[in-house]
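Order as written gives the chain letters A, B, C and D; numbering starts at 1 within each chain.
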Amino acid sequence: MAITGVMRAGAVQIRVTEMGPALRHYKDILGLLQTAEGSDGRVYLKAWDEHDHHSVVLREAESPGMDHMGFKVSDNAALDDFERRLEDSGVTVTRIPEGQDEATGERLQFVVPTGHTIELYAEMEQVGNGMSLDNPEVWPDDLKGMKPTRFDHCLLYGDDLDGTVRLLTEVLGFHIAEQIVTPDRQTMIGAFLTAATKPHDVAFIRSPEKDRFHHASFFIESWHDIQVCADLIAKHRVPLDIGPTRHGITRGGTIYFFDPSGNRNETFCGGYIFYPDRPALTWTEDDIGRAIFYYDRKLNENFLSVTT
Amino acid sequence: MAITGVMRAGAVQIRVTEMGPALRHYKDILGLLQTAEGSDGRVYLKAWDEHDHHSVVLREAESPGMDHMGFKVSDNAALDDFERRLEDSGVTVTRIPEGQDEATGERLQFVVPTGHTIELYAEMEQVGNGMSLDNPEVWPDDLKGMKPTRFDHCLLYGDDLDGTVRLLTEVLGFHIAEQIVTPDRQTMIGAFLTAATKPHDVAFIRSPEKDRFHHASFFIESWHDIQVCADLIAKHRVPLDIGPTRHGITRGGTIYFFDPSGNRNETFCGGYIFYPDRPALTWTEDDIGRAIFYYDRKLNENFLSVTT
Amino acid sequence: MAITGVMRAGAVQIRVTEMGPALRHYKDILGLLQTAEGSDGRVYLKAWDEHDHHSVVLREAESPGMDHMGFKVSDNAALDDFERRLEDSGVTVTRIPEGQDEATGERLQFVVPTGHTIELYAEMEQVGNGMSLDNPEVWPDDLKGMKPTRFDHCLLYGDDLDGTVRLLTEVLGFHIAEQIVTPDRQTMIGAFLTAATKPHDVAFIRSPEKDRFHHASFFIESWHDIQVCADLIAKHRVPLDIGPTRHGITRGGTIYFFDPSGNRNETFCGGYIFYPDRPALTWTEDDIGRAIFYYDRKLNENFLSVTT
Amino acid sequence: MAITGVMRAGAVQIRVTEMGPALRHYKDILGLLQTAEGSDGRVYLKAWDEHDHHSVVLREAESPGMDHMGFKVSDNAALDDFERRLEDSGVTVTRIPEGQDEATGERLQFVVPTGHTIELYAEMEQVGNGMSLDNPEVWPDDLKGMKPTRFDHCLLYGDDLDGTVRLLTEVLGFHIAEQIVTPDRQTMIGAFLTAATKPHDVAFIRSPEKDRFHHASFFIESWHDIQVCADLIAKHRVPLDIGPTRHGITRGGTIYFFDPSGNRNETFCGGYIFYPDRPALTWTEDDIGRAIFYYDRKLNENFLSVTT
């Protein structure tokens, strides 16, 4: 088997301060599809081309932010293997039984040095992408809004960047696709980490406070669709952060906006295909503007300061 | 490490009947970059976003066609492992020493049951994608023609489809992303096989004769670029096979055309991301028109009959 | 006033053999908006960015085809002026009183030498484009299907091409933007005529029979949208004629398909802006393939033979 | 003839502080084609799909800005007619003889109430669009940079907006396609004026100082090309003003940037087709953010303050 261990960013649980407006945002504007509502009020959503039951879970809470981010691994043997390797490296792992999340098998849960709660799981019920497995069409009917094809990645802010990057690369098998370093190259400021071939499945930026959530990103098919996203953002008076623009890092087209609770979302297109033999790219902090927003060549004031 | 074993379709050696017109086609119109000319007259080319030394080798010969297709594996340990597994499964493997191809390490060479010569290699000199590894731009200057980012896959025709598919899946770790079967589902007619996350790295169609070459495909970034390809094909009077159109299989945008020797090329965009847990799709032969050319919903007369 | 006389192709009345399937086609798939149903059963439709009450009228009849095509002129003075000029040139003009068509003022009706019934009108009730005239959005909500912005032009086949072209240019003020001629340049085979700045508002091809209808065309915003049209055509099993492709004439992106009665439709994007000082382009019949289908560089078998 | 009087924005003369860097910008990055250099050092440029000899004239001077903007009229009779009408309305008109500008016939020159020098001309030598008038291709070879198809419009700032708008609409036959007014609708703040069917050929914003130049705009074919423009701006470190974004006014896609002398340029795509019966759109000043930058929904600090 060519892809083993962690396959991809599979799920994110996001706190929203009011479920009603959040659902209008995530379903009608972003265009995710609701697959379940738990007895505890959590709502499960997926992007249309995902076969798994869900990739986004919304939980109503007093403050916005990310509860945890989940990565799907290749099978239960990989899950067992990661449990051992995490514990061997000194990480406390909680094994959550099957069924605590809708349609989800056992999960390993642990906290990385930047303070974020990460989960690994191997099994989730598959509900399909709305099309037959026999002689399908190319997209299903009745899609709404921005029509992302998948949950793509998260960007997270936290203090012990070195520790988290070491854990993800040495224990969990991630690769650094790109990094931001201080001009003297002594200190890593940001790391863009991939589990397989996407330019990133998760990224981390060094920042004083633990466990901060910068954004969850959803993949769309083209730069044309970035314009459609921007049109929808404007038509629906969704708070825009920045975009349409392009990242130097990943080369992806992007637009950032906020859900009604203040969590940042991204829709993202393009980017290259990563393989383990592709050399990592390094950006120096003096060029961080181009790294993050290739067109503006400077950060906007929100980028470093607004997280949830 | 998350991706092990075969990583991707890495190289293809194509026979051309006259090198001059072939180079004008592959360099000026398709837009590959020449990286070397061997002392034996073979010419080495790459697509711009590939870091490896080459992905296409042209060899002047009396008749067109494909000499062999190469897959890059994760490391030399994987190469050794594949050698054992291939031999255990009864395949005769030739180990070609480093340096027989420019900039290339040791290669395993063997013939699959459909008659095609396949190579595996772990090492190739990296020449980069024309941009710095530090603070790069998003594309290099002075690109020409169709500007493909990578060699993507080949489609090959041959007789013992079952044997080749068994070898690639059971010994080499490929996955079937999509397949075409007879209406009674008893016989596989086509298989689209992926090494990692592309919808296919190589595909095979059952056909009476061994070792036939249908096309080599090059990835471009968008449907917009398919139009640019079509414009260039028309402006330069390149023989068009079919397109712009879309495949049902892979969902990719496509245009097929011929090099001056009669080898079919494709430029291809889009398609989904494959993971090992994504269910395989099955097309029945009665719907093969939609499978291959989703818009026309019928094969053109060339598709089954013209190979090299 | 800078644009006077004929402003544009404004309306076309098409015969359909069954209204139900026709409405599903024109409303749900093509994406026109119904604005009225007449007491005589005719149904009035418009494209979303047209302000006038309608641009397409469907009439149930025993055989498909075009009843008449209407051009909107700048004002009633122009209408009176055209009546005089048509009569002076020997054309019999019928003045149809206001209200015979829904929401439409007086019309002049006459038959051109190729046998087609043409109408001129200066007044039609405006119903708007679904957005406010104050502080509007960039597109209205709830659009369906291919979302054309406007009815763009018709292509008509008939015998006395010279007579019709003379009438349209000398009496009605059209310009020839492009023409197809025999290789000896003695005979015009096709004429693409513009009233203002579009590459064509109406085109005629010489053909033995009078009053044949080749297609009605609807404008969409981009080549990206041509792919969406093609997807919808395939998903809904609409009979495809040809495309996605590009015309040499007009340079427009195009896809041709058939309504359930067998009338050909086109969606069309791009093309240049025409001004009266832009030189007319001439295509010779030996290059008619590139003129009509720039990518295939040959006519498909339907182009000359299938009309309604 | 359907289009009479003023046909279009045809030419603009821009002052640059150093010709060398200006030419690198306008030719290599923007992608205009040089057609002549005058004996007085002025350089004449055109966009590729314009048939006239030039649309941009660069003049080296001590300070940047616009010398004058020229509109092409339908013929010399129209020129004579406009001369009479301008003089009747109290405007002083200078008739500049043929040949003072390269390849250009007689011109009428006059100053409008906002202080800008406007020219009208009927004749300019045609040099073609780089393709044959017989059996042409769809675009010429060897285009560079952003590849605009035409000079599209200018936005000008000045004090007596009412006077200029009155002159352009009442004497020169322009239409107001869109306007910005104070919330009480008593005062016009901006006017977007069209000569024929573009959403604007010239626009004016009320501002205290006379004769200020906001930008010259060049038309590109699609939103995809806006991204290419943005890539080129970033790669060549061209000062970016804002974009990629979209205007509410005209609905056009846009990016603003500066030439080396500080003159603002725009590349622009999309927009609707205007006809004289299309209702004018009105934006109120409290919504001016959406009017100008539909996505950001607020002006950037440059928009009102930076002109040349």
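Assume contacts are C-beta pairs under 8 Å (C-beta built on N, C-alpha and C of every residue); 3 or more make two chains touch, one makes a residue touch a chain.
Note that the structure is a prediction, hence the values are computed from the model and not measured.
Taking each chain's centre as the mean of its C-alpha atoms, the one that lies farthest from the centre of subunit D is B. For the pairs B-C and C-D, the larger set of C-beta contacts lies at C-D. Superposing subunit A on subunit B by their CA atoms means rotating through 180 degrees, a value rounded to the nearest 5. Between the CA-based centres of subunit C and subunit D the separation comes to 31 Å, rounded to the whole angstrom.
One inter-chain figure worth recording: subunit B and subunit D are separated by 48 Å, centre to centre, where each centre is the mean of the chain's CA atoms. Remark: subunit B and subunit C have CA centroids separated by 44 Å (rounded to whole angstrom). Among the residues of subunit C, those touching two or more other chains are numbered 137-138, 222-224, 231, 234, 246, 290, 294. Against subunit B, the residues of subunit D that register as touching in their complex are 137-139, 141, 222, 224, 231, 234-235.
For subunit A in complex with subunit D, the residues that touch the partner chain are 223-224, 227, 230-231, 233-234, 237, 240, 243-246, 253, 290, 294-297. Touching subunit A in their complex are the following residues of subunit B: 1-8, 49, 51-52, 72, 74, 126, 128, 133-138, 149-150, 173-175, 195-198, 221-224, 246, 248, 251, 270, 272-273, 275-284, 287, 290-291, 294.
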